[in-house]
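Paired with subunit B in one complex and with subunit C in the other, subunit A is shared by the two complexes that follow.
For the complex of A and B:
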């Protein structure tokens, strides 16, 4: 899923400062799972903002709403009748969702209420960890199912670097060395011959480096 | 000859080679490089110039190499893949060769978080293994990696760094093998203090016949004090300094520790000379270049051979 983190409340208050009436839009997708942008968070954030603005003597009217997904036109359309009545939309969906709203409602300012994180997994309750950079050319079959682009701080294709110490990355002892994980798994799978092969330079054009990407499925158009 | 560099010639003639290292200054003052060059000259076959080591911004490695050349020293260009993509790397390889740099060391580079600019974007378009392959392809095939012909192939004696002490130990020798396959003509090792482990590494390397395929230059760094030993052990990733080494220098009174460190370094070089497959020594006297002559001379490696 796409993860996110809360923005500091001061930052959000500064963003909404010019407005008296706005929509606070949550999303039932990924950001609900990582507890940062769902219906519950909409309620909590709306209350916090209202209280702060009341205390400042400048009340803020907030319309609370949560869409099934902010990245799908079908659900985004549900806002169409509403937006005209408000000065701005504060969205706590991921960056994709926020931008999609901006695209669909060109006359309305969109404000990001969270910081979008990464493509990751729930390690345990309250802990999420990055797994994929969406680079568009997967080689997980060669690396024991562990991604060197994402799990190695240097995205090395022939790691580990000299900074790997007792299974930890030189960047932070709390980060496991991606290449140690890869080697352990290749050994366990009896696939160490994959380690000894020189891999060609990665083509980054399938990643974001090739420009903003899109997928077209002729069979679905 | 792949490059006709002095280092390549010395090794090809079967001499025990000596390289050292110069860190360029944190500024634009060329005199600092020239002063270091004067201390290194005559004591080595080539001198590494580091490339923004520990991600701290310094004068560029190529500029440092050129200043060394002006002083009559043979430079060895260190090149990390942290800061430049393949376009910039290729371009700098061509430029370095055009300016007469003949030795190259391909490295990953420390993560940017260790330097003054931890917010910098890290590049790592290719890794050090792929840089070896790229440099070798350009030199031997006279083409860019894209296949287009070069207007003059770069000439480099190509090297890599190896750390026999990093984790996991099981892949240390396979990794050396891979670096040789990717294009390394020589390797320089991480500082050796744990001789027992290093001998084990060499034994495993011999099982694969690797010392016959690559020149292995053993890395040494003289310790200035017991404090330095403890600091390096604690702070430098992949640095293996056994307790016995720390105790030995620590047993000396403070004012005699530096001399002890040099004595220990010389002993280490003498021991390395006896190991089958060690082609030379890489003396990293960090900000202590003035001791180089004493160390290299003390190990019986002066004067340096002149090979035509």
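For the complex of A and C:
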């Protein structure tokens, strides 16, 4: 999922300061799962903002809404009849969802209510961890299902660097060395021959380096 | 005022500990937006501690009375200076 974290309430209050009527839009996708942008978080944030603004003598009218997904046009359209009646939309979806709303409603200011994080997994309730950087050229079949691009702080492709100490990364002892994880797993799977089958060099043309990417599926157009 | 069962003695094992974490989060929010985090307290009691419950309730009521009406109520009544949240205007 795409993870996110709450923005400090002071930052959100400063963002909404010029407005008296706004829409607070959540998303039932990833940000609901990581408990930062779903229907429940819409209610909590809306109540917080209303209280803060009322206590400050500048009441704020908030229309609470949660879309199935803010990154798909059919769900975003549900806001169309609503946005004209409000001064701004505060979205607590990921950056993709917020930008999509901005594209669809060009006359309405869009405010980000969360900080978007990474592509990750739920390690346990309340803890999420990064697993994928979307490099566009997956080689997990060669690395025991552990991504060197993400799990190695340097995104190295041919084994650990000199900073790998007793299984930990030199960046932080709490971070396991990605390459230690890969080699341990390849050994456990009896697939150490894969270690020598890694590509001589990683092509980054499918990653972010070429600018914003897009996918076109001719069979679906 | 939120009352949970004694730590280590929760029917839901860690429910009261989680509840405390959530209460502390709300408390931090109330503090940051100028309402005052001290308007919310959590106590841990067993079902057999009626006397203690009454004492905590009295203490909390006294504390709320001492603090006076919330800034929201003062603004609604038109008799108070608006509160300023952290971060301000």
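The criterion applied here is as follows: the second predicted complex is superposed on the first by the 218 of 221 C-alpha atoms of A that agree within 3 Å, B and C clash if a C-alpha of one lies under 4 Å from a C-alpha of the other, contacts with A are read in each partner's own complex, and residues count from 1 in each chain.
Assume a residue touches a chain if its C-beta (ideal position, glycine included) is under 8 Å from a C-beta of that chain, and two chains touch if they have at least 3 such contacts.
In this text, all values refer to a predicted model and were calculated from it rather than measured experimentally.
Peer 1: Which term applies to subunit B and subunit C once both are placed on subunit A by superposition, clash or fit?
Peer 2: Here subunit B and subunit C can both sit on subunit A without a clash.
Peer 1: Considering only touches as defined above, state whether A:51 meets subunit B (first), subunit C (second), both or neither.
Peer 2: In the superposed model, A:51 contacts subunit C only, not subunit B.
Peer 1: Let me test your reading of the model: by the given contact rule, A:112 touches which partner, first (subunit B), second (subunit C), both or neither?
Peer 2: Touch status of A:112: no partner.
Peer 1: Of subunit B and subunit C, which one touches more residues of subunit A?
Peer 2: On the superposition, B touches more of the residues of subunit A.
Peer 1: Could you look at A:178 and tell me whether it touches subunit B, subunit C, both or neither (first, second, both, neither)?
Peer 2: Touch status of A:178: no partner.
Peer 1: Once the shared chain is lined up, is A:164 touching subunit B (first), subunit C (second), both, or neither of them?
Peer 2: A:164 sits against subunit B, while subunit C stays out of touch.
Peer 1: How wide is the angle at subunit A between subunit B and subunit C, using CA centres, rounded to the nearest 10°?
Peer 2: Once the structures are overlaid on A, subunit A sees subunit B and subunit C at 110 degrees.
Peer 1: Once both structures are aligned on chain A, how many angstrom separate the closest C-alpha atoms of subunit B and subunit C?
Peer 2: Across the overlay, subunit B reaches subunit C at a minimum of 25 Å between C-alpha atoms.
Peer 1: What part of subunit A is shared between its subunit B contacts and its subunit C contacts?
Peer 2: none
Peer 1: Quick check on the complex: what are the subunit A residues that touch subunit C?
Peer 2: Within the complex, subunit A contacts subunit C at residues 8-11, 13-14, 17, 48, 51-52, 54-58.
Peer 1: Applying the document's contact rule, which stretches of subunit C touch subunit A when the two form their complex?
Peer 2: Result: residues 29-30, 32-35, 70-72, 75-76, 82-89 of subunit C touch subunit A.
Peer 1: Can you check the complex and tell me which residues of subunit B touch subunit A?
Peer 2: Going through subunit B, the ones touching subunit A are 82, 86, 108-111, 113-114, 122, 124-130, 133-134, 145, 161, 163, 166-168, 170-171, 174-175, 177-178, 181-182, 190, 237-238.
Peer 1: Which of the residues in subunit A end up touching subunit B in this complex?
Peer 2: 153-167, 170-171, 177, 180, 183-184, 187, 192, 195-196, 198-202, 204
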